[in-house]
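Per-chain residue numbering starts at 1, and chain names A, B, C and D are given in the order in which the chains are listed.
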Amino acid sequence: MWLSTRCVLAFDILAPTPFVLMLRARSGAQQWIASETYMLTPSVPVFEFTDGYGNLCQRLTAPPGDFEVITTAEVMTADQVDRGRGAPFVEIQDLPDATLGYLLPSRYCESDRFHEMASAITAGQRLGYDQVLAITDWLRNSVNFQPGSSDAPVSAAEVNSRRFGVCRDLAHLGIALCRSLSIPARMVVGYLHQLEPMDMHAWFEAYLGGRWYTFDATQVELHGGYVSVGYGRDAADVAVYSQFGPPVYPKVQTVEVKRIQR
Amino acid sequence: MWLSTRCVLAFDILAPTPFVLMLRARSGAQQWIASETYMLTPSVPVFEFTDGYGNLCQRLTAPPGDFEVITTAEVMTADQVDRGRGAPFVEIQDLPDATLGYLLPSRYCESDRFHEMASAITAGQRLGYDQVLAITDWLRNSVNFQPGSSDAPVSAAEVNSRRFGVCRDLAHLGIALCRSLSIPARMVVGYLHQLEPMDMHAWFEAYLGGRWYTFDATQVELHGGYVSVGYGRDAADVAVYSQFGPPVYPKVQTVEVKRIQR
Amino acid sequence: MWLSTRCVLAFDILAPTPFVLMLRARSGAQQWIASETYMLTPSVPVFEFTDGYGNLCQRLTAPPGDFEVITTAEVMTADQVDRGRGAPFVEIQDLPDATLGYLLPSRYCESDRFHEMASAITAGQRLGYDQVLAITDWLRNSVNFQPGSSDAPVSAAEVNSRRFGVCRDLAHLGIALCRSLSIPARMVVGYLHQLEPMDMHAWFEAYLGGRWYTFDATQVELHGGYVSVGYGRDAADVAVYSQFGPPVYPKVQTVEVKRIQR
Amino acid sequence: MWLSTRCVLAFDILAPTPFVLMLRARSGAQQWIASETYMLTPSVPVFEFTDGYGNLCQRLTAPPGDFEVITTAEVMTADQVDRGRGAPFVEIQDLPDATLGYLLPSRYCESDRFHEMASAITAGQRLGYDQVLAITDWLRNSVNFQPGSSDAPVSAAEVNSRRFGVCRDLAHLGIALCRSLSIPARMVVGYLHQLEPMDMHAWFEAYLGGRWYTFDATQVELHGGYVSVGYGRDAADVAVYSQFGPPVYPKVQTVEVKRIQR
C-alpha cells in the first residue's frame, strides 16, 4: 500500500541548542521512499551523517525562538507484514557477525536478567518464531498498552515490574526477553497506519531463519502499514530527536499517516 | 541558493535487466536536500543500499518494455564554491586514513603514469591549492571540453593523448595529475546550475588543508550551484546507472536544474 | 616501554558452547603490537571479525571437556599516559560524528540520570579536562575500589548507591557522569602494568580537545603501561569472553604483564 | 596444515619517506593466525588502520638509512583448497551489496573491454564455477607465467596482448574476464606454500554460489597452503608496501613459507 506520512515538531528554544534528529526514512527491503520533504523553520545549516546502525541523522543547532521541523514522505510499504511463521532459531555460531551486537544487553533492555522469565514464557514452544510469538502474546496479555503513560524511556525491568507502558516500553521488554534466549532483537521507530492514537510508533524485530521479522505487541493483530525510520539496540539509539543542554520539549508533536493512491 | 533538479531516464528494455542506479542526492556539509522524489514506471521492487563511498544506490530489475526513472530534488546549495585559496598540501603522514584510497590509481585515472607531467605543470607553484589550480588551468587550456564527444569513459592517459573530452574526461585527467603529486582526489557526479548544455555533470575534488575542495576545468570560473549525487575514485564508481547483461542505452536522458525561491 | 602480556583462561565445558572472545589487542595510535600469540586447546575452527567498534572478535564453539585459551603479546606502549591537562570541552556541534554514540546512555551507564550529580561534582571547574579530572578524583575518594567484589557487571546507578566496586564499576560511573555533561566517554578493557592484584583491567576514555584521553580512578596516579584490547560503550560491548547457553565460568583466569627489553 | 611465514623487506632510505604497509595477515574463515611478529628496524612510530576492504594497514615514516621490516606468522590453513565445483552463477539481483563493487572495472582490470573474449573462452560452459575454471585453464595455457618478468603492475589489457606475466598479471586478466561476465572477482595477495620461486604471491577469488572461491592460474593444480594477507579490486589496492615521494625499491625482499608441526 502507498502511505503518506507527516511529522511536525515545534520547539520553543531559549538558547542555541544542538540537536541530532532522526527523521528521514530510508528505502530498504520492506519499503520504498518515493518522495520526501524535510523542512526547518527557520532554515539553519544541517549536516547529515549515517550512524553506526545505518540511520540517516541530521545535526543542527536550533536558534532561540520558535523552531519547527516538518518531514513528509510518500512510501510504498507491504500490505501484509511477513509473519515468518515457522522461521527457525538460528544457532549462535551461524548468526551473521552484524547481528551479534543485538544479543547484548543495552540501556533499556537488561536481557542479562530475563533468562528465567523468558524460558517460562516460551516453555514448550519450538525454538525460533514460536518463541517470539509466545513472548509477544504474553506482552499483549500481561503489559497494559497505555499510550501517553510515560515521557522518558524506562527499562525492560521497570516495565516488567509495573506492567503498563507506551509502545516503546512493550518493545523494550520484548527485546530483552528475546535476547535472553539468544535471539537477536532490535528496536524500530517509525510510523504505523491506523495507529490509535496516531503518533510516532515503536516496535521490534527479531532475527529468525536468516532475516529480521516484525513483532508488535501493541496491536491485536499484525497488519501492514509499517514505515521504518530508525533501527537500534533500544530507545537510546533511535531517539527521533536528541537535544543537548537544558531539556527542551516539543510544544507541538503531530503525526499523520494516510493511505494514498499513486 | 535554492535549486530544483530533475533527471529523466527512459529505456527500452528487451529482457529483464538488473540495474544499480545512483540517483539519490544526500544532504552533506555543502548541500541540504529539502525534498526529493524518485519515480519508477512501471513500479518495481527496489532495494537501496549504501556503497563503500557512502552513496545511496538503488538496485532493481527492469522488466521488458518501456522503463522510466524520474528523480527530482529541491536543494539548498552554496552561492559560491569555497575556493580554498592557499589551502596547503597535507603531508602523507597527516592524511586521514579515509583519504588514502584516493591516492591510488584507479580504472580511469592511471596516476602512476603522470608524475613527471604533473611536476612540469605545477613547477614553481606552492604545494597544495596552487598546484591543483595550475592543473585545472592547464586542463582548461589544453584539453578541449566537447560535451557529447564520448559515450564510454576513457582513461586519463587516453584523454591526455587526444586532448579533448567530456566533463568526465577532464575530471579523470585532473584526478590522475593530483594523485601523482600525492594529493588525494576524487570524482563527483551531480548537477550544475547553468551548465551548457544541461546534462548530468562530473567534476573533481582535491583534499587540501584538511578538507575537500571543488575543482572544475569545464567552467571558465567556479561559481555556485553544484549539487553532488555520488562520490568515488573515478567514473567506474559513480555511474548514474550500471546495467548488467546486454547493453541498454537510455532513449531519453534529460536533466533540468532551475533556481527556485523558498 | 615494552611490555609482555599473557592471559590464560581455562573452562570446563559441559556441552558444545558458542563463544565470542575479544582477546586480540590491536596496534593503534597509543600502542604497537610487535608480536602476539593466540592458542586454543583443543584446537577448534575460529572465525574472526571486526565489531562495530573496531575490535577484533573471535567466534568459536568450545567442545565439551577442558578448553583453554592462551594469548600473549609484546607491546610497545607509552611510558607516560598523555594527560591532556587543559584540553577543552568540545561543543556538541563540533564533535566528530563517530563520537556522538558515546554521549548516549548504555546498559551499565545510565547517563540520563546523572546530570545533577555530575554538575555538583564539577561545579566551578573549567569545561573539559578539569571536569573529568574532578569526576575521577571524586570517584577515587567516594567509591571504594575493591578488586574481586563483584562478578556480574552492575550499572552506574547501582555503583553510586553502594559506593564500592571493581575497576569496571568505577569506569561505568565515570562514564555515566561524563556523558551526563555531554562529554563523550567510552570503556576500555585491557592490561595495566603493575596493577594490584594483577588481572584484566578496565578504565575509561573521555573525548576532549579533539582526541580521546585516558582516565582511571582505580590508580592513585596515572602512570604508563596501559595496553588496550577492546573499546565500547560499556562492559556489555567489551566482554573478554561472551558465552551463550548455560553459564560457564573460567576455572582459571590468570594474567601476567611484565616489562621486557627489546 | 600449519605454516610458518616470514617476509623480510629492507630499504635504503635517502629522505624521510611515508609508507603504508600491508603485511599483517588476519584470521578469517579460511585461516587462523596463531602467532605473528612484526619488527621494524629502526623502531619508528606506527599507526595501524583498517582500510575499506578490511585489510590491516600500517602507516609510518621511514627515516633515512637502512630500514628493515620483518614479519612472521604461524598460520593454520586448509590442507585442500575448497574447489567449489558446481557452484552456480549468482544472479546480479541476488548478489550481496558488498560484492557489487567487485563487478566494476578497476585500474588494472579493464573488465569493460573483455566481454566478447570472456564469452568465447567460456562458450558452452555452465554458468558459474565452470566458467571460472575455463578462464583459469585458458590463462594457464595462453599466458606464460614468468616470475620476475615485471616490476610495475601492468593491466589486464596489456597482459592479454603480451601473453606473459607474473602471478599478479595472470590474476588481473582472470579478474577482468570474470567481471566481464558479471561474476564478482577480487585480488588476493599473500603466501603460498611450495611456490616456486618463493616470493609474495597473488591470486584471485570469484564469488559463486554464495561465497568466494580461490583460483590460481599459476599453479598446475590447486593445492592447499594459501595464506591471505590482503584483499582488493586489484594490485592498486593490495600493495604490500606503498611508498610516497621518490621511488624506493627494496634492496632485500625475501619470503619463506615452511610447514611446521604444532
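Here is the rule we go by: a contact is a pair of C-beta atoms (placed from the backbone, for glycine too) under 8 Å apart; a residue touches a chain by one contact, two chains touch by 3 or more.
On a predicted model such as this, the values are computed, not experimentally measured, just so you know.
Asks: Between subunit B and subunit D, how many steps is the shortest route if every step has to go to a touching chain?
Replies: The least step count works out to 1.
Asks: Which chains are shared contacts of subunit A and subunit D?
Replies: A chain counts here if it touches both subunit A and subunit D, which gives B, C.
Asks: Average the CA atoms of each chain to get its centre, and name the chain whose centre is farthest from that of subunit B.
Replies: C
Asks: Taking each chain's centre as the mean position of its Cα atoms, how many Å separate subunit C from subunit D?
Replies: 36
Asks: Using mean CA coordinates as chain centres, what's the subunit A-subunit C distance in Å?
Replies: It comes to 30 Å between the two C-alpha centres.
Asks: What whole-Å value do you get for the distance between subunit B and subunit C if each is reduced to the mean of its CA atoms?
Replies: The answer is 43 Å.
Asks: Could you pull out the residues of subunit D that touch at least 2 other chains?
Replies: Answer for subunit D, listing residues that touch two or more other chains: there are none.
Asks: By the touch definition up top, name every chain pair that qualifies.
Replies: Chain-chain contacts present: A-B, A-C, B-D, C-D.
Asks: Which residues, counting only subunit D, touch subunit C once they are in their complex?
Replies: 26-29, 32-39, 43, 45-48, 50, 54, 56, 58, 74, 76
Asks: Please give the residue numbers of subunit C that touch subunit A in the complex, ascending.
Replies: 18, 20, 49, 51-52, 57, 59-61, 91-93, 97, 100-101, 103-107, 109-110, 112, 152, 182, 236-237, 242, 244-245
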